[in-house]
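Going in written order, the chains are labelled A, B, C and D, and every chain counts its residues from 1.
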């Protein structure tokens, strides 16, 4: 009679464990969706000599040269389109991008999460001169004392560097968020496949935050304090990156390539954001709309968040400075988008355009509703990179035609060497990725991280990485923006390109409208 | 017509009825009286199928099912203690629920309800009122009326007069006599306060500690206060009378 | 009988509890009624529990960061604040909103450079006006109506206040969200744990004390029959106000600790729907039981966080599902909640008749 | 003038949306005394099932709709059979619906090919067709008309069911006094499944009607359900007409403040609370002896 309670507990435990196993199946499904069979993609892709040659052509556009993956592409293809074949289920998931190298990290020095390298930091490397090929040449033996066995800092061994990455795979924006993470993982994997960083493989630990700050911060703490990662790379889940900025400073852990949408991220000494602040997007957009479209009166719908408010403030400031007027402003949230009332007010105020700062879902709701009423402002709808995804035209349907968004990097319809290389690297691992400004940010972030590490030679420490990143000048992958950081000034990217949904055959596709501009407000 | 033989019932391990025998003839009014805790209410609930029971319950010689829904369909209606109206439904709707076991629909409701309204004109006045807001006496009328709408052969009424003013009890007893005469419905009337019930009953049963201790014409109990008294308090006369029953 | 009477009762109860706590070790060891096995298991259990509590963040380090237990303690406090209202037989969905006011209060304290020592007491006091408002508004409501009313209150607090003050979805930016700095002595999550534990133990002791005292008995009476309660000359309103204020203070302090743990709290962590979830935890833990609240904090706060890290976030998608399942199973099989299961298990350990 | 008319139309449509969700909850509460917290969650789950069939597997729309609603109905039947019936009172049943809500949400997140696409397009056959309103410079979509029409039909249907049919009367009787209704020949074990099946079916249908207007999206539908909950309060959780009235008033207030008083930030979101306070004050001034609470006390 009493034993059933024990049974209940047991059953619950069983279910929990089943749930956990089940989820790896889910990830496999996700990977299949992206055309990759298992995950252990190209572990055996024989990097050898190529590895040393490729990496840091920094100052120069890497042009066609690298195509490192050439021979390695074998690894990628097998299960590409092929049916279920669960391939390597256990290895699947997000555990580790680089095969089995995780076991190696057990040798990390015990305590001292804080970088002990403060003293040995090569302050003697001031100039930006360094940027070029110098790094590749210097596996300089004996450059630093502690590297006899290669354990130069937390998370670094002779053969690997432990890197944490937090992505969005579930939650309210999991549907677009996963693309950012997949792009980052593809890039990091490509770096490993082409030889890693001066002989060390990047051991990437991937976590999901479900777009929830408590979960993201929990993951970050786990990565930093327990798994003892060397750095966090390409984390672009804004609900996590904002609090992560403070945490990275507190722990002195490098946080390379966060989204940089919220202005708070630029206050961190240990964060190097690569996206464009929402405020900059808004300024550029407003300027263009007044200059090119002759917008005089505008309505604006923004998510009621500080970033949304900064978008609103930037838009209003520029619009009104140039003689226009923001007639209608409305705040939205995910559970209460308020699109209907915004439309009514915009129509009553007879505005020229409706500017939006919201995700694809809310944008789609707004435009479908407007189309339902047979209404379109004379100059159409425009807004931020928030919905520069291919999912947006799928959600809006034909109603989305003419929608203007912005991009932080060269828009995807262009055919530049940089974009070709980006696409080649990313689609090799995840063919069905939904390309957007943010996936490119992932790509740049991962490359910047690896290339800067390469510059450090074998003596990899957090402090040296910070110094090297702080002296990055004109890092350019041919994607439209040259990235430069200075100590205390991490506003690297403020360039905005505009794109528009145009008809292409029977579908809508994002097309560049040939307008690029920079918001100079943050230059100091 | 309604025949109960060796009825036993209880609540879990507690045995309340130790074999009750009881008969209600066609068109008869039978009173069942007894002190607090004698098992009167339990008897009614057991017959009505609200409690698990042992022994035989027959209606017109056929065994009566033990599920409440079937008992009422066969024509044995219970008016439970405490005036259990449906408080959030109107008077009319309460009455409609009475007709439910007869497959009543609203279409022929008026026809069915007409005799009831003529017996209880007060209910007709308050047709649309919410039952929860009626006075105690009106609620008791409603519950009796509701039971009658199931067109029962026997109505069992539990503690008719509980908590009602004497004048109202008079009125209610009058209505019982009236529907008994007009509709021919037999009535098993359970009362703790005995005198009122004995006024209108033909025969009477006296219960004590789960057993019938007296059975006979109501008039005798009415006249012979000693028998009544004895039954209530378990004195010799009472048992003697019980013996005399056989 | 008025509010002041209630408070003096509470004071006496707390003093009593402190006395009992001081003498409990000695007395429990000497109680003759206990078998040797029971005594032994109590002693061992108590020592193990104390040792576990004292070292939890470190002993669980294999499973995840100390953040998990820290978060578990905060959930426990939030659940406790719901449980406390179980004393008067009501269900409140406002605690999440009250946690939000705690976040705001910490923010304000920080802006005005109030030393940490004063912050928590100020936060606890700051909950009073809001609780009184809520209590006045819900004075005449019972049961489902009360729950809905508190939910509406939480909804309004979230929509009209936190969204403006804290920002939605810290996500798309926490730019305006003020960061909160921890005091130097709780720089790490491990030390944060001990701060939280101390606060929680204090709160739990107060709750135990009140529950055991005359006030607790009166709460029971109030819950059973408000009419009988008031005919005995006690003012139901005073007790309702008191319970709501106590619950509010606990929730607000939990919110304050939450922001210290998280460093900033965007309003999407304070959604009204979250309150429904917490209520589920409270039920599964055992409504009205202090122990149950603590158990719920462990089961629904800490363990999922550990699972997140142990499974490399693979668990993330499943938490709602599993929590729903647990609530369901507990509802069906042990209406008294985890607290009841714990008691049963413990009785078997002690060997006393169940 | 056209702005005014637009506002009224917007309010009416939104009000219908709240009504739609609230009516289902009132049905359950009125006939069982249980507050069905799972209402929105079940609806979303059923909506995703239908969406899955129609959009991913290219079933005909109505077939998908039917399967989605039937799915919800089955869940309702199972819930009644295996959970509700085994729990002792309305309070514990309400908590069980909470568990069900969490489970339903969990399912929506767990199914891999649903969770990674949180907002979904789920058009109905009417989507895209509109009727323009003369004088309003405004058009109303067929979907919205269908929504409003369904609410009217549902309201009338439920009123008829609960007031005029044997089944509805039996449902109400059971909720008023289960023992007395057994004496009336009502078999609770036959009535209760109908209630739950119907309520869950309505939940599923509601979400499928809302989806073409709002997209199929979890967060907002759950938020709508919370507002609908506040609306049910107006009708004391039992009155259908007052519920619809409350929903419409709430939606109109929201629409008017959003459009005419947009500068008072946060006011539109405060309406549910203000509305409840107003209802409380009215009840205070005119105590009508809230019967719902009386019945609850008796239960």
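The rule is simple: a contact is a pair of C-beta atoms (placed from the backbone, for glycine too) under 8 Å apart; a residue touches a chain by one contact, two chains touch by 3 or more.
The structure displayed is predicted, hence computed values, not measured ones.
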Chain whose average C-alpha position is farthest from chain C's own: B
Two candidates, A-C and C-D; the one with more touching C-beta pairs is A-C
Let me have the rounded angstrom distance from the C-alpha centre of chain A over to the C-alpha centre of chain B, please. 80
Between the Cα centroids of chain A and chain C the separation in whole angstrom comes to 38
Provide the C-alpha centroid distance between chain C and chain D, rounded to the nearest whole angstrom. 32
Find the geometric centre of each of chain A and chain D from their Cα atoms only, then give the gap between the two centres in Å, rounded to an integer. 40
Among the residues of chain B, which are close enough to touch at least two other chains? none
Can you tell me which residues of chain D touch two or more of the remaining chains? 109-110, 115, 222-223, 265, 269, 292
Return the residues of chain A touching two or more other chains; collapse runs of consecutive numbers into ranges. 19, 22, 26, 169-170, 173, 331, 334-336
Among the chains present, which pairs are found to touch? A-C, A-D, B-D, C-D
Looking at the complex, which residues from chain D come into contact with chain C? 29, 35, 37, 83, 86-88, 91-92, 94-96, 98-107, 109-110, 115, 222-223, 226-227, 229-230, 232-233, 237, 265-267, 269-270, 272-273, 276-277, 280, 283-284, 292-293, 296
Which part of chain D faces chain A closely enough to touch in the complex? 2-3, 6-7, 10, 13-14, 109-110, 112-113, 115-119, 121, 128, 130, 132, 137-139, 141, 143, 213-215, 217-220, 222-223, 255, 258-259, 262, 265, 268-269
Within the complex, chain D is touched by chain A residues 19, 22, 25-26, 29-30, 33, 169-175, 178, 328-331, 334-338, 340-341, 344-345, 347-348, 359-361, 364-365, 368-369, 372-375, 394-395, 397
Help me check something: in the complex, which residues belonging to chain C touch chain D? 137, 140-145, 147-149, 151-153, 155-156, 159-161, 163-164, 272-273, 276-277, 279-280, 283, 317-325, 327-328, 331-332, 335
Once bound in the complex, which stretches of chain D touch chain B? 163-164, 166, 169-170, 172-173, 175-177, 179-187, 238, 289, 291-292, 294-295, 298
